Amino acid sequence: MHGRVWSCIVSGARTWTVGVTGATGYAGGEVCRLLAGHPALRLAGVHANASAGRRLGELQPHLLPYADLEVQGSGAEQLAGYDVVVLALPHGESAAIAARLPDDTLVIDCGADHRLNDPAAWARWYGGGHAGAWPYGLPELPGQRERLAGARRIAVPGCYPTSVTLALAPALAAGLVEPEVVVVAATGTTGAGKSVKPHLLGSEVLGSVSAYGVGGVHRHTPEMVQNLAQAAGRDVRVSFTPTLVPMSRGILATCSAPLAPGTDEAAVRAAYEKAYGDEPFVHLLPEGQWPTTAQVLGANTVALQLAVDPDAQRLVVVAAVDNLTKGTGGAAVQCANLALGLPETTGLPVVGVAP
Amino acid sequence: MHGRVWSCIVSGARTWTVGVTGATGYAGGEVCRLLAGHPALRLAGVHANASAGRRLGELQPHLLPYADLEVQGSGAEQLAGYDVVVLALPHGESAAIAARLPDDTLVIDCGADHRLNDPAAWARWYGGGHAGAWPYGLPELPGQRERLAGARRIAVPGCYPTSVTLALAPALAAGLVEPEVVVVAATGTTGAGKSVKPHLLGSEVLGSVSAYGVGGVHRHTPEMVQNLAQAAGRDVRVSFTPTLVPMSRGILATCSAPLAPGTDEAAVRAAYEKAYGDEPFVHLLPEGQWPTTAQVLGANTVALQLAVDPDAQRLVVVAAVDNLTKGTGGAAVQCANLALGLPETTGLPVVGVAP
Amino acid sequence: MHGRVWSCIVSGARTWTVGVTGATGYAGGEVCRLLAGHPALRLAGVHANASAGRRLGELQPHLLPYADLEVQGSGAEQLAGYDVVVLALPHGESAAIAARLPDDTLVIDCGADHRLNDPAAWARWYGGGHAGAWPYGLPELPGQRERLAGARRIAVPGCYPTSVTLALAPALAAGLVEPEVVVVAATGTTGAGKSVKPHLLGSEVLGSVSAYGVGGVHRHTPEMVQNLAQAAGRDVRVSFTPTLVPMSRGILATCSAPLAPGTDEAAVRAAYEKAYGDEPFVHLLPEGQWPTTAQVLGANTVALQLAVDPDAQRLVVVAAVDNLTKGTGGAAVQCANLALGLPETTGLPVVGVAP
Amino acid sequence: MHGRVWSCIVSGARTWTVGVTGATGYAGGEVCRLLAGHPALRLAGVHANASAGRRLGELQPHLLPYADLEVQGSGAEQLAGYDVVVLALPHGESAAIAARLPDDTLVIDCGADHRLNDPAAWARWYGGGHAGAWPYGLPELPGQRERLAGARRIAVPGCYPTSVTLALAPALAAGLVEPEVVVVAATGTTGAGKSVKPHLLGSEVLGSVSAYGVGGVHRHTPEMVQNLAQAAGRDVRVSFTPTLVPMSRGILATCSAPLAPGTDEAAVRAAYEKAYGDEPFVHLLPEGQWPTTAQVLGANTVALQLAVDPDAQRLVVVAAVDNLTKGTGGAAVQCANLALGLPETTGLPVVGVAP
């Protein structure tokens, strides 16, 4: 259906240089991994203040083709010469750097700084002044692909909002469910980044599942609310509970909402088939097959399945994504492809490394 | 607070013989493991039709003290001589055996056959005629401990219903939430038993999370509905989604319901402290601390925490149990203790094997 | 150093059709996964007797681009029309099929049938008559690359022999160690294939490590002996112990041998740098950095490191490979590239999906 | 065979108070866990300089019965009042504290300070002056049980030396193998303690195996050499490679040595049966059954199996232990039992929490 996964650019075609800052972290590393297989984007420099001067190979041993790159600082002046700059930094650090980059540089922010439209939401959830919203890098939303074509500033969605938005937007948009959403998502440990905290030690996470950020305090919540409200055309309430499970990558989001009067499964399925039938990266699985995170490991793929529960009167949609690929680094490359006029699927694997 | 974990019976005190059928499975094996540390219950025989004649050590290598026991068949005549019989069999197999055991034998059924009160529910979810309900082995429910004292037939709850019931019953009983429950539970692979199915292979579950039984089709659902409706004193709807995570044991159940008008977190916390303050096996953790399945591994403990989400207007309660211990085998021993007049905590660890 | 990972063929270049039999297993699935990213090899059909008639998507849900392919039987007549046939079958099943395929079809056998040179060794380890040796698909051995160029029958090495041979051949060839080799290798569960056996259940392997095939009985042993003896130019004894660890993919082989008189670490390092300095898929890591299986996950890469232990007077070499990629499916593609005259690295990722 | 696992002390029997320092770490926490089930040893205080003043429950959430204990400093004056003091501290910290504790206090050191007999070995491997050797807490060595009875200073062995010594001592003592030992051991992450280092993050260890301390540099090596040389009655060379695998607890040690002339498997098996036939915690498994770390999880058990490889002319012995139980905390309790004149098995589980 979707044909060849890896697009191919004929010799002599244009290539673009890419600089990645935060390249020593998990999201930045994933961008580098994907660039190693991209025919038109060339990783030209890696940046990270804390590790400046070290070989990338010491910090990201899997990035063998780039092992000898020296990590540079991540000031705007050090990032100025690239065609494309990917920012994979903690929230609050992107805006100042981005403001000092040339307008015609394609800047793709994997952080939260430019995702929220509402300055009040930013102030409440992150604190301080808002740097302003950028085009939102979720091409699968209606009309969004067009907004990203040719853009030079793009905000990559959070990993949880990607999975939850794609899981519920079609049902909300079609009025098939009430806007009272409950999401419980399992995530691998890389979702917490490379921060060295006791509860993220292998000894603590192996063989154990835990909840965190319960009760509506996770910072990805307002982004979900924003996206789902936009889809629904009215206010949406989201109860979101993330849980940490013993795997390194992957999100499985179990999303549900009360059925609107008269909704049946056929109607829901039809809405999702219409929404995603032509999408290269979003797959509604055949009936009876449920998503696993393994099937999307390392791939820019979202796997979806849905069921209507007649007793509980709820729609349940389950979405699987790799939080580092379609959840972050793959989305960054997908957006870069769109912004630069490349085929959207260029350099992006859709087959997960399973099992 | 709860003092010594392992009770101690003075020399010369009475002991009871126990026969375990289904001893070659995970639930049966867990009962045997706990009996190895129990001062008054003595494992006297192991049974399992499929493996009759083999040494238990071949099939349960961890049960070293019982390695040389020969597995016997599981017919009623072979189980007739014990003081206590534990049935750890697939649903539908217990009733016929139990019917032929002496009335004064303590029979503890780890299967589903005698859990549901409503024959129509049994017929819908399991099919066929219902064998009738037995006293329900969840001593932490109001009044239930008294019903179990001296009983000779006890139905051990399902592992999911144990976690979900204990997580939500106090709030429903106190009218603090609306009876529209959403549960997403993560379970380790032993929850599926020792059945050799492709999707339970290590290769499939390692590094992967998946959903199954979505849309209200899991057979533990009616048991949850029964328990929660009893607690609430009115009908309750339960949307239940189980997910399979890469660990062998443990359930983390994330349970939520809409707040009733006027409910605040203090009221909820007070209700739970009242319900469980004196319970030896159910622990509401200090505020800010969230349950992990590791902390209850191999222990007969339920760890709970709760939060009120003012934006989503929901109560979220998270419960961690070991599906094989408090979820099955430990509950069986706890019930046996109660039925036989032993201290309820005899032989039951409360400290998980963490990390 | 190794430049672009994914080679690119200009439009209009020739492509070859590939049929994969055993496509529903783990090795066959990996071949399909890699073909999805290969610009010149086109997966044209999938075969597996036991699942004939089913959609591939039911059995290999991650292979989304091929989900709608119907699995066909794996008789020679059904495989006859392809340019390339990859056999990913249990040992003993390849030879009969291969014998009936046209001579000019490129046949790549991922099984053991054609790996051993010595019919007596075959008879001892596998039983029955030997089908004869084919060119051995380990291009990194001296002179082997040339033998594979243009070949039409290739035997892909076993996953353990690949890691052990590459780990020790340079030291043995240079006479730096005595031919008394000890190997202990950790493998993920996919090494055992998709067979549904109790000890491979997630419940059994999660949180547990075990040894198997101890005492020289693993069938990969004679292949290691063959390769290492060839490298050493004399008899080699190999003590091989495989262990099963809780991950789905990967081998970490810890290989050691007594130092020959006068050997120091510098000499060893020099021998390995000479052997592998120009190899695209074998990487001697910088001193102080030890291989992890994560860094090669899904990649056609071998990561090596070595140390000389002056107290024990042994050389220790540690090798990490993905048993399904460089250990099987990636090697198959690498060999196909060589046989067809394509750049050897075409379509083969070298960056692991880490972390 | 070994009868009841949990010994029982009649009411009114003496109890001893225990103070544990390093109680917030993994080894100290394991001692506390086991004390919760011990009828004669009462945990009376927990100590750890870095966390003094905090509730133990914040740091060790599984230790529910002790959650409200306040962590105290670990100076000698703060440890002076107990009958038994367990030191679970980093190497080099025990000696100074122990020197200031009363002579009649039973002091059990889980650290390395008092394990090595040779001051030169201490100086080489740890640096600085040696504090002197204490009775070595491995009761299963010949004559050692008697040395520990009534002792007031005991050095608990390292976790690797426990497994390797028990695996090879009988063969070396009987002259069945040559003293050229090769050990490759897989360990769970708790073996590295609770230190917060990047390579111990869940993201790094999940799905990955790695080697570390290769080439004879791991500090447990001299302790193995000491024990095995003592068993052999002559010098022994040990090549030791530890590997880190994705589980929290457990060691699987694969140990081999060249066969002495004339050795056959029957002779080896006889030597091991003689050595361990009456041991409550060391189990030579029935032929054909190989140890798994799961079967000893949380138990004070060592599971062993052996094979003679006639081609490689080596004996291979595989040992499984829980590094925190028989590897550390369980050994501490076992030694305390012996020193205090309690039955050796008191309070020590032998059945692992499997699966």
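Labels A, B, C and D are assigned to the chains in the order they are written; within every chain, residues are numbered from 1.
In this section, contacts are C-beta pairs under 8 Å (C-beta built on N, C-alpha and C of every residue); 3 or more make two chains touch, one makes a residue touch a chain.
A quick map from chain label to UniProt name: A, B, C, D = N-acetyl-gamma-glutamyl-phosphate reductase.
The shown structure was predicted, so the numbers you read here are calculated from the model rather than taken from an experiment.
Residue numbering shows that chain B and chain C use the same positions for more than half of their mutual interface. Of all chains, the one whose CA centroid is most distant from that of chain B is C.
Averaging C-alpha coordinates per chain places the centre of chain A 34 Å away from that of chain C.
Between chain B and chain C the centroid-to-centroid distance comes to 45 Å (mean Cα coordinates, whole Å). Distance from the chain A centre to the chain B centre is 38 Å, each centre being the mean of its Cα atoms.
Residue positions of chain A with contacts to 2 or more other chains are 26, 190, 203-204, 206-207, 246-249, 292, 294-295, 297, 354-355.
Against chain B, in their complex, chain D makes its touches with residues 1-6, 8-11, 26, 29, 33, 36-39, 55, 57-58, 60-65, 67-68, 190, 206-207, 248-249, 283, 285-286, 289, 292, 294-299, 301, 303, 347, 349-355. Residues of chain C touching chain B in their complex: 26, 188-190, 192, 194, 196-198, 200-207, 246-248. On the side of chain B, the complex with chain A involves touching residues 180, 182, 184, 186, 203-204, 206-212, 214-217, 221, 237-241, 243, 245-250, 252, 254, 256, 258, 290-295, 297, 305, 307-314, 316, 318, 320, 354-355.
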